[in-house]
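You will see chain A twice below: alongside chain B first, and alongside chain C after that.
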Partner chain A sequence: MRLELHKVKVRDVQWGEKTCVKDGVLYVNKQAAINCVKEEERFAKVDLELARPGESTRIIPIKDAIEPRVKLTGKGGYYPGFSAPMGRCGDGKTFVLDGAAVLTCGPIVAFQEGFVDMSGPGAVYTPFSATQNIIMVVEPIKDLDPHQYELILREGGLKLAVWLAEQCKDAPADVVEVFEKGTVPEESAKYPQLPKVIYVCMNITQGLLHDTYVYAADIRPSLPTLLHPNEVLDGAMVSGNCVSACDKNTTWHHVHNPIVAALYARHGKELNFLGVIPTQESTVMDGKLRASQMNLSIARELGAEGVIVSEEGYGNPDTDLCLNARNFENAGIKSVVVSDEAAGTDGASQSLADATPEMTAFISTGNVNEMLEVPAMDKVIGWPETIAHLSGGAAESLREDGSMFVEMQAIIASTAEIGFNRVGCEWI
Partner chain B sequence: MKRVVHYINQFYAGIGGEDKADQTPLFKAELVGPGVGLAKELEGKAEIVGTVICGDGYYGEHTDEARAACLKMIQDAKPDLLVAGPAFNAGRYGFACGDIAATTAAELGIPTVTAMYHENPGVELYSKKTYIVPCADSARGMGKALKGIAALAGKLLSGEKLGPARLEGYIHRGIRKNFIHEKSGAERAVEMLLKKLRGEEFRTEYEMPKFNKIPPAAPVKDLKHATIALVSSGGVVPLGNPDHIRVSSAESFGKYDISALDDMTAQNYESVHGGYDRVWANEDPDVVVPLDVMRQLEKEGVYGKLHPIFYTTTGTGTAVAFAEKFGKEIGEELKNAGVDAAILTST
Partner chain C sequence: MTREIENAAGIPVVQIATIVPIMLTVGANRIVPGVAIPHPTGSPELGKAGDKATRRELLLRAFKAMETEITYQTVFE
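Our next item is the complex of A and B:
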């Protein structure tokens, strides 16, 4: 499989007559972009806002982030099953508005959306303070069922992102990144001496607004499967969950999965990267046992010697993390897990809800409970008072002057457990 | 120049060994014993303005008096920082160093540093209350211990933010804190896996905690006469959440009188839980807290009676320390109220 990411570097975003990208500036025709989302009749109101790095702007509550992309080859569109015809992704050419992001924002769906500050101390912890953001601010029609609301927010964001890329796709790429790798038998024949490594990407699959999609299929009721890394980097996975903001893998994160990228970079040199297993985090014990067993089965069938397991969410899924580590280690497959910690606001509590002695190699992506002081911003996009109902927020979080005292977990992707950020816990 | 006071025992002060362990506190406005070496290490950063000396036996047997007297001497010398020891693996000296360092930090609000061998009982007693530099088990490690103390003291006196314990050279205080690493979590994970595959040494970023496994209570012998309580982490609270229990990372639980209630409905109770979709729980909170069914079984005489108080919190992102605290407190209240069994519902 050969994937070419044709990236146009976006350094600024502005409203314009015509939606296009020129000299690093993404121009957006506001009305045309709104019209693209407004087709959905279950939105009562659709507006767009822009936010750029360094601005004194807070966006709250954000549900998902999506990078504007579109296929240049094949059937076009992006995110097969959502904004592209069903079919395999990961091959051919993809156009990317690199550095731009669509953020979906609307009245709270559930308790687990988050905020982004474009500057100040909170900005350090999220990648979306460094992207040129097009924010889709919507309101649903009255009494819309939360599940339908989640669906139209998710699909609206994907649609807008693909539409933006579609308008710009004739622009010449600043850089073309190539990801090329054969099948498992081909690569194993090429690199017989290199250790075979597989990546198990755990996903929130608890139903009830906690879902992840692979090729538009809700993977909660399905079994773990195997993806070529190119498929992950090219839109096979879509976030549909309202888990705590800090450690949800947004749709933007899936196509930027840094564990996939880091393993790919060493493929054929230090290791043989077998592929990615998107797997479940079930709410019932049998589901946990089944998924962790199937992860091991796939890994063994492929001859894996090492595995990286990343968690999504905290608490209940800690048990899935433990089962995965235990199964792999007991089968002689060396494992490293990546997870955040819930060590309490004072950092003094035990960090996990479950533990197992086989989990000997742990990468920490930070304490979700650590408190952070964020100053008032000149501009707030969205509904600032919702902090009272977000995980990591409380009734007293938002002060009269607009400043907030909140847990890290209220910031989108601040402790991303696919290891996107550099933050991590240490003992003091 | 920053001012440092040094605390040592009678042995290192050259007064004597076990026979002089009952030495009462005394102050000398000069360098004594290991203070000479310490002063060299601190050169340019701070000066030692005095030494407080106390016998280990006296400190151990007359702790309150010794502590008060030493603290007074330290306070009078107006230090910016206190160094105690090093105590190596001497148990009583470790206790004295830890105690005076912890007391000084708490009472005078200045940083304090000591040094001990990791097995010194003083470590367990005081590592959360002062900075303890790890050192050898005997005075053979004096040079290195003084260097470690001086480096940490210098950093503390400079007012710079401290990094992780392992890099600053002290025994950690059991607190997890966020730091920015050089590399992303993903890069660190791949590097750790490669080391593990090659059989090389690697450092896990979180050692597995030891879990307290709580054995379940014995089965109820006489259900017909048993009092049963409802306890839930499903976030179900009286409408409006009167006690402001947090939607996640709860630091409190609520208790509510349900003696007059046969049914939880959308009109009287709701769920504020931040970890699941509450649509159906809000339509009928009984799906999380089965009050309706319990009342029915109570009427049928399946069990004795339902406890009039219902306990509730939100169990998502809740620190284990708080979960343990809630469990202990609720358990004790139930026990005191003569409750025989509890039904715990989670979500």
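Our next item is the complex of A and C:
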């Protein structure tokens, strides 16, 4: 498979007569973009806002982030099964508005979305303080079922992101990134001496608005499967998650997965990257045992010698993490796990809900309970009072002057467990 | 809490919980596996009668666990 990412660097976003990208500025025709989203009749109100790095702006509550992309080859569209016809992705040319992001904003579950500050001390913890953001601020029609609300917000965000890229796709790329790799047998024949490494990407798959989609299929009731890394980097995975903000893998994160990128960069040099197993975090014990067993089965069938496992969320998924580490180690496959920690506001509590002696290599992406003081912002997009209900927030978090005292976990992707950020924990 | 009640008051505690490994890790002594994280003590998908049957069976098992002498962490399947 050969994937070309044709990236146009976006350094600013502005409203404009015509939606286009010129000299690094993304111009958006506000009404046309609103109309694109408003085709969905279950939205009572749709508005768009812009937020740029460095501005004194807070966005709350955010559910998902999506990078504007569209296929230049094949059937067009993006995110197969959602905004593109069903079919395999990962091949051909993809147009990317690099540096732009669509953020979906609206109080769905009321407790498992997060916020982003575009400047100040909270900004360093999220990648979306550094992107040029187009924010979809929506309200559903009266009495809309939360599952339907989540669905229209998820699909609306994808649709807007693809629409923006579609309007701009004739712009010449600033850079073209190429990802090329053959099938497992082809690559194994090419690099017989290199250790075979597989990546297990754990996903929140727990129903009740805690879902992840692969090729538009809710993977909660399915078994783990195998993806070529190009498929992950080209929109096969979509977040449908209302989990704690800090460690949800947004749709934006999936196409930027740093573990996939790092393994790819070493492929054919230090290791043979076999592929990605998107796997489940079930709500029943047998489901956890089944998924971790299937992860091992796939890895063994492919001859894996090493595995990297990343978690999504915390709490009961810590058991899935432990089961994965135990299964792989007991089968003689070296495992490294990547996870955040819920170690309490003082960092002194047991940081995972579960533990196992086989989990010998652990990379921490930070303590979700770390407290943070964030000042008032000049502008607030969304509903600032929702901090009272977000994980990491409390009734007293929002003060009269607009400043907040919150846990890290209220910030979108602050402890992303695919290792996107720079936060970690020190050895002591 | 389970351990503290046992330690402080000497009252045997049965923990009904879905994710048994976590219960083992935190040191619960009498463990009855629950159904699922969103509904540990019932089976709503089985309808009213099925749900009641699940709850009754779990409760009877918990009573049995409470009455059973143990010397180490025990899972009552």
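Note that the second predicted complex is superposed on the first by the 424 of 428 C-alpha atoms of A that agree within 3 Å, B and C clash if a C-alpha of one lies under 4 Å from a C-alpha of the other, contacts with A are read in each partner's own complex, and residues count from 1 in each chain.
Keep in mind that, in the parts below, a residue touches a chain if its C-beta (ideal position, glycine included) is under 8 Å from a C-beta of that chain, and two chains touch if they have at least 3 such contacts.
All values derive from a computational prediction rather than experimental measurement.
In this overlay on chain A, chain B clashes with chain C.
With both structures placed on the common chain, the touch criterion links A:M285 to chain C but leaves chain B unconnected.
For chain A, the partner that touches more of its residues is B, with chain B and chain C as the two candidates. In the superposition on chain A, A:L208 contacts both chain B and chain C. Contact with neither chain B nor chain C is seen for A:G332 once the two complexes are overlaid on the shared chain. When the two complexes are overlaid on their common chain A, residue A:G347 makes contact with chain B while staying clear of chain C. Of the two partner chains placed around the shared chain by superposition, chain B is the only one that A:M359 touches, whereas chain C remains out of contact. Once the two complexes are laid over each other on the shared chain, residue contacts for A:D318 go to chain C alone; chain B is not touched. In the superposition on chain A, A:R422 makes contact with chain B only, while chain C stays out of contact range. When the shared chain is aligned, no partner comes close enough to touch A:P192: not chain B, not chain C. In the superposition on the C-alpha atoms of chain A, the part of chain A touched by chain B in one complex and by chain C in the other spans residues 206-208, 316, 353-356.
On the side of chain A, the complex with chain B involves touching residues 110-112, 124, 145-147, 195, 197, 206-210, 242, 244, 257-259, 261-263, 266, 270-271, 305-308, 310, 314-316, 334-336, 338, 341-357, 359-370, 389-395, 407-409, 416-428. Within the complex, the chain A residues that touch chain C are 206-208, 283-285, 288, 316, 318-319, 322-323, 353-356.
Chain C makes touch with chain A in their complex at residues 18-22, 25, 33, 35-38.
The touching residues of chain B, counted against chain A in their complex, run 162-166, 172-190, 192-194, 196-197, 202, 204-211, 244, 246-249, 251, 273-279, 315-322.
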